[in-house]
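Just below sit the structures, each encoded as structure tokens.
Two complexes follow with chain A in common, the first pairing it with chain B and the second with chain C.
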Partner chain A sequence: MAVFRRGYERYDGPLTGPVTRFMAIPRFAWGKILSQRFVVVLLVLSLFWPLLCAGFVYVSNHADLLPNLGGMQGPMAKLLEINGKFFAVFMNVQSTFAILLAAIAGPGLVAPDLANNALPLYFARPMSRWTYIGARMMVLFGILSLVTLVPGLFVFGMQASLASTAWLQANWWLGQGLVLGFVLYIAMVSLVALACSAYVKWRVVAGALVLAFFFVLAGAAQMINQILRVEWGSLLNPGFAIYTVWCALLGVEAVEDAPGAWECFAVLMLMLGGLLAVLLRKLRPVEVVS
Partner chain B sequence: MNPVIAVENLRVRLGKREILKGISCRLGESGVGKAIGLLGPNGAGKSTLIQTLLGFHQPSAGSAQILGLDCHRQSMQVKTRIGYMPENDSLIADMTAVAFLRLMGEISGLPAAAALEKAHETLFHVGLGEARYRAVGTYSLGMKQMAKLAQAIIHGPELVILDEPTNGLDPAARQRMLVLIKEMKEQHGMNVLLCSHLLRDVEEVCDEVVILKDGMIVHQSDLAAERQANKRFVQLQVTGDDRNLGAALREIGAEGVSETAGTWRIVLPIEVEVNALWRLTARENLQISKLAYRRDTLEEIFLKAVGHMQPKAEAEVAHGRI
Partner chain C sequence: MLEMRRAFFSKRALWVYLLALFPAVIFVGHGISVKMQRSEFAGKSVVSAAVLDRVTVGTLDTEVLAAAGQPLLDRSWERRDVKRRTLMYFDGSRRVWFEFENGALRDTRRRELSSMEEDRKIYAGMFQYFYLRLAVFFGCLGIFINLFRGEMIDKSLHFWFLAPVRREVLLLGKYCAGLIASAVIFGGGAVLSFGALLAYQTNADLQAYWQTDALYHGTWYVISAMLGCVGYGSVFLAAGLLLRNPIIPALVMLLWESINGFLPDLLQKLSVLHYLQSICPVPPPMDPNVPPLLRLVLAPAEPTSAWVAILGVLGVTALVLYVASRAVRRLEINYGTE
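Entry: the complex of A and B
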């Protein structure tokens, strides 16, 4: 029977579980984000570097086919080696796309709910604040994975399949470092985007704030280092901190005399905690005025 | 009888202020569609009570239960069984009504296909069928109210909490909203907690009423029973010498108060029929010019409960009327 002929009847069928309810928000949000032309363009652009890296991996595994290189014994052999340094560079480049994507997609997630006072409608349903934050983070996790984890694992998988089993046995931890490094990075970028979106309800400003978070803090860190003639100021730079952690995870030598990976990791955790606190403070079903 | 809402010595503190000061009540009947009116002046604690029932505030003492489930400790289970229509504008402006309702349905636990079907069905039900593909931000105020109602009932909740549902509606839309609320309880067996400043709306729709003042319940009554009880209150207007009417009324067990010359307010015992008044006035040579059941309006009940109106007669208080 046509819907308009049917009267309203109370739903009495089975209810879905918590995971399906949780995933409802990301499903709707992904559809909306991927309908934005700019996001699609950025996603396409972000695939160029992984393709280039994949080509590099192919060449490095077929160096004997190139007559001038003289196989893997020649002077170019060191340059063509797929190691932690290669993945660190790969991650560094892809992380730029991730920040841009987060700045575009992130503010549209929480800001509309706050601006429209829609939070009571979410929280009057079986959804806690933590679930809401988790669901919104899942949106960004999915989108940012497309430019970080997915191409990263593709390149790693390609290298593993082209190289010998011995390479995989000796370098499996590179894959582990890549996943852990990107997960930590996605968590940080997502929380920055959500916190900015919750703090500033205007989308454009929130997007600018996401970029400012990374660039302004980097500038501030540099200023502290220069004025006080210290190195620990770099800890304030989230880009530096995450890169140092990546280097540690990938077994690459980090910047000399700069703060170590554990210090950087601790600072990143503090940042994550602070961003989460901002989110929890802002995302309330009702505003209690003291 | 299992109440829909059971509140026991509920205290809620927001910051340093105690908003709800130990309220206790049992409202509604599980499985029976009833509407409960929640009234009170501004700042009485109505919204805080609703928000506590929704699990937004943690009680500082006491408990609040909906359908036998604790609103704080079992809030997730409670929330699958209730619908909430907030007072303020809360629709996501750039979503179409269908998409918005579908999302809300899925978050409430409806499978995706059922959520889509119910979204269409509910929007037709509230009269937004033709506008269901429009962004809700383009809706008029009346349409937004209907969309808010639709999202509250899409998952077929057992209890629907409506906060000022007729706010800003024109008379026709208001009537439509009230009809929908009546249908919800009478045809679909839903219980409705209606918070409104418009006493006529509450009077028209509700079966029970709770009046809050300063965080305490100052009046709770069954409106249907109250209406029944009010049938025993008679307003009589007579011409002639009515000096002996008071004594004559006591002979039949009734009590009467002369308000002005010839105007009487009479409380009849249950066993005495109104016909007895005709016989009595004929015996006293009085001519009845007006005889009417004197019914307390909800407005009077409300004003008395919140202390803006003095009780009319001791007799009325003695008979259980405020």
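Entry: the complex of A and C
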């Protein structure tokens, strides 16, 4: 048959499974991201704090071996206690590394596809917009888990194994709070990175925008609070909002006179909704050139 | 002209304008709120400041009501079996809130309707913590990185290189275009926010400030913002030229500037921010969010004298531009790697 007589018709051969299709993007992207030297350096740097915390957990469970500290009595016991505050501080420090990683790794995920008009190539396959976003988020979820969830669970697991069963029974919800808090945080940071990447199309500018999102909003929130003599300005600061939610999840007393956990959670949901809307608006399989 | 038009009027410039004008907008909003409060409290009953100042922690709410009379606000509620009550009074210039728990005074908050002194400190904090550290930083990042890296991403840099102009001259031209745009935007932003700060002050306060420090302070704030554009601009221009991913040096610089206050004196002087803060007329108040433990290690270096600071930033800029000019001369365009 002559070539010009061949019409395009739907592929009717065997399809790969939905999970394999979903994981196709992360599989290649992870390799590419982990080949960047700066990402590896950041990953290594991000492990120092968990190691210090693990050391602290060890000391707190072996304080009786240090006679100079007076065992686990008195003020030292309070200082060495592993509680919600300890995990809140741990999460706070690790979250900074997550932002830096997202600023480096995130912009390269969507921007090149948009800049090179490659989206039709993805959407011509059995892949919806939601699958595409989910797969791209999965890439960041995997990378950011390495600095958040994995070390967090390691430290929690270490404490659970070193302390008595009674500690685990009384504090299992700390582990639950840690996982929920980090999952929410990863979702937010990933959406910020993807939305910035889709919004500006340029990898370099998108990286700057991710940093600006967190740093400038934090500064702007502080400025509003100071100038207007209010407290609600803190709601604009995603770092503060997520920290307040973490404190609620870990049973830690949050900042006094500041917006509560539910208000912060609502604002975070609004932010996530807005970022998702930006992503959906920018990720279209067709482009209208006027 | 082409670059300047792009820096002033492109879609991306909107974000730079937003950063530069945001403080002015907030100060205007605060000004409106203060004026509304002044007119609201103008006809309200005034309680002598001496009476309100005599109230101490532990005083009963009935005693306060007997001494100060009917409050402007009386709110009661119960939470976790604790009865809480808030009474608010006005002494002509300040509002005073008394917070009671189970009938006894727990806390007192005082807030002036407006205080020039306090506003000036807040402006100094806003200018150094937000404007210089974040707005000028990210604004310059957006403007100056685009000058070369943006052209490479757009695959249009070769058009510039085909023009019969030496590359060093091209680099200088692009830098001047970015500098004029950023200096006008951020200098203008500083003028507007300072103007907004003065706009709602009382006539007496305004006149006193105007006759003493207002012009001096305003001028140095503007110079400081412009000098920030000079310093950060040159660094980001060079970063955009020398590196494929200029975000990494920007990130390092941002972190370096953020931890500046915690570093030893000598290292503090290796940052643009130190010199910009040195020429700011009012030292910033301590960030209230800094934890007490960190406050102990926070030791800002002695400010450098204004002229040394200006010459220092200009000298570093000249050096960075020289390095960039050497780099642009050897630059080979390879769009494929972008």
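Just so we're on the same page, the second predicted complex is superposed on the first by the 272 of 290 C-alpha atoms of A that agree within 3 Å, B and C clash if a C-alpha of one lies under 4 Å from a C-alpha of the other, contacts with A are read in each partner's own complex, and residues count from 1 in each chain.
As a convention for this text, contacts are C-beta pairs under 8 Å (C-beta built on N, C-alpha and C of every residue); 3 or more make two chains touch, one makes a residue touch a chain.
All figures in this text were calculated on a predicted structure; none of them were measured in a lab.
Asker: Looking at the overlay, what does A:170 touch: chain B (first), chain C (second), both, or neither?
Answerer: neither
Asker: For A:28, decide between first (touching chain B), second (touching chain C), both and neither.
Answerer: first
Asker: Pick one for A:116: touches chain B only (first), chain C only (second), both, or neither.
Answerer: First partner only, chain B.
Asker: Touching A:205 in the superposition: chain B (first), chain C (second), both, neither?
Answerer: Only chain C; A:205 stays clear of chain B.
Asker: After lining up the shared chain so the two structures overlap, which partner does A:270 touch, if you call chain B first and chain C second: first, second, both or neither?
Answerer: neither
Asker: Which partner does A:40 contact after superposing on A: first (chain B), second (chain C), both, neither?
Answerer: Neither partner.
Asker: Is A:52 touching the first partner chain B, the second partner chain C, both, or neither of them?
Answerer: A:52: touches no partner chain.
Asker: Identify the partner contact of A:8: answer first if only chain B is touched, second if only chain C is, both if each is, neither if none is.
Answerer: first
Asker: Under the stated touch criterion, name the partner, chain B or chain C, that contacts more residues in chain A.
Answerer: B
Asker: Inside the complex, what are the residues of chain A that reach chain B?
Answerer: 3-4, 6-16, 20-21, 24-25, 28, 112-113, 116-118, 120-128, 285-286, 288, 290
Asker: Please give the residue numbers of chain A that touch chain C in the complex, ascending.
Answerer: Per the stated touch rule, the residues are 38, 100, 103-104, 107, 115, 200, 202-205, 207-208, 211-212, 215-216, 219-220, 222-224, 226-229.
Asker: Help me check something: in the complex, which residues belonging to chain C touch chain A?
Answerer: Where chain C meets chain A, its residues are 12, 19, 22-23, 26-27, 29-30, 33, 111, 122, 125-126, 129-130, 133-135, 138, 141-142, 145-146, 149-150, 153, 240, 245-248, 250-251, 254, 287, 289.
Asker: In the complex, go through chain B and note every residue touching chain A.
Answerer: 14-16, 51, 54-57, 76-77, 79-80, 82-84, 86, 88-94, 99, 103-104, 106-112, 114, 117-118, 120-122, 124-125, 129, 151, 153-156, 188-190
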